[in-house]
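Shown below is the structure under consideration.
By letter and in written order, the chains are A, B, C and D; residue numbering begins at 1 in each of them.
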Amino acid sequence: MEVTPGARVWAIAEGYIPEDSTGPEPAMASHETACLLNASDEDAEVRITLYFSDREPVGPYRLTVPARRTRHVRFNELEDPVRVPRGTDYASVIESSVPIVVQHTRLDSRQAENALLSTVAFPAG
Amino acid sequence: MEVTPGARVWAIAEGYIPEDSTGPEPAMASHETACLLNASDEDAEVRITLYFSDREPVGPYRLTVPARRTRHVRFNELEDPVRVPRGTDYASVIESSVPIVVQHTRLDSRQAENALLSTVAFPAG
Amino acid sequence: MEVTPGARVWAIAEGYIPEDSTGPEPAMASHETACLLNASDEDAEVRITLYFSDREPVGPYRLTVPARRTRHVRFNELEDPVRVPRGTDYASVIESSVPIVVQHTRLDSRQAENALLSTVAFPAG
Amino acid sequence: MEVTPGARVWAIAEGYIPEDSTGPEPAMASHETACLLNASDEDAEVRITLYFSDREPVGPYRLTVPARRTRHVRFNELEDPVRVPRGTDYASVIESSVPIVVQHTRLDSRQAENALLSTVAFPAG
């Protein structure tokens, strides 16, 4: 590929992990996912910072997306430096050492039937 | 962060607050949300203008998103200068004094199971 | 507003009007909508062209979005030059005389509970 | 049209074909679709490469979108060089010989009522 798709900074303004789930775990647990694609030939060192409405940002959460790999990160599994709070509005900024592509998905299983949403994150630099 | 993600003008062409809701209030009330992220180190002074199909625009609705904070604004809670009408198509333009990121979400609970939609708003300047 | 948000050419690659609906008409009829926002001070003369998988494009469908107005266009109500076929994949290109913003929404009511999708269209020029 | 909308490289970071479906086949089978619009006057030669979390990319899958046509590609029907695995996270990069527009849709019918998601893919070049 002549053009490696992506950007080095992404933002997801919408974030919310519901407190309750229905259905079999873990596939049907309510979750928010950031899908990261690194189509380049270098490993991507990724830093995620979370923003809240009523306190200072937390982070960075650090992870690696190897060269030519995708990684679907569940926000409800991020634990270091702190577990992502449930039932709380948040937003996230994702920075990478190489261009990546980020898409945001939420599965909401609070009611019997699931709702899905997805959107490409906002590329900023 | 070297790059503050965002833009100063955003547009959401799709807006509609259903008249009826099912489920426990307020979490399951039908609502439209504009999720605003201000990852900069300055407070963002935000002005929202609403557009309709059959009358002149109304606004601005004014609010502040503090530095390094996110704020999830429910359109059905905007009341000054006027309450946002139910059952009416509208669109919105969001202007900010510093770059922010805007994402648009709707929870539609007119029927027993909820529908969710979300998309990044259109960045214009 | 110093910047009028928008673009003059937009594309929606995903289009499909289901053949069947459930629920009360017309609010719950399956439909695809293009939400158009004209935040400028000039009327927007809009031309919509539909593309198919197996025949030449049809159009233009012509409509006006007045200055400072939004208009939510249901594809299943477009009739001139031809009614939009049901149960058929299509795509659309939307051209405007002034910058507008376009968002795409579908309500799918083939099953008992509705599904909603929405995304900002692709701005091309 | 003076401007042909589109880009030559697109990325979809979110990909997942559920293993189970409910409802009548094939319209209600769980599927992921890439909707491709070629509004130009030249045929588009398209190459799709799939990325995974735990193995090297596969592809290219090759297909043609004729001039002035749209084509809605179901990932679960891609078979050459290999069938797309079920129940596995993946991402995709779509390259075209002429500018096209790509939109990503998923129908998830694992539960009784369907969930739909859609978003414009990320244009990269």
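Methods note: a residue touches a chain if its C-beta (ideal position, glycine included) is under 8 Å from a C-beta of that chain, and two chains touch if they have at least 3 such contacts.
Just so you know, these numbers come straight off a predicted model, no measurement behind them.
In a homomeric contact, the two copies may use the same or different surfaces; for chain B and chain C, under half of the interface residue numbers are shared, pointing to different surfaces.
Between chain A and chain B the CA-based rotation angle works out to 90°, given as a multiple of 5. Chain D has its Cα centroid 21 Å from the Cα centroid of chain C. Averaged C-alpha coordinates give centres for chain A and chain C that are 30 Å from one another. Shown for chain A are the residues that touch two or more other chains, namely 112-113, 115-120. Looking at the complex, you find that chain D touches chain C at residues 1-6, 23, 33, 35-37, 39, 68-72, 100-103, 105, 112-120, 123. The touching residues of chain A, counted against chain B in their complex, run 8-16, 49, 51-54, 56-57, 89-91, 93, 95, 104, 106, 108, 110-113, 115-122, 124-125.
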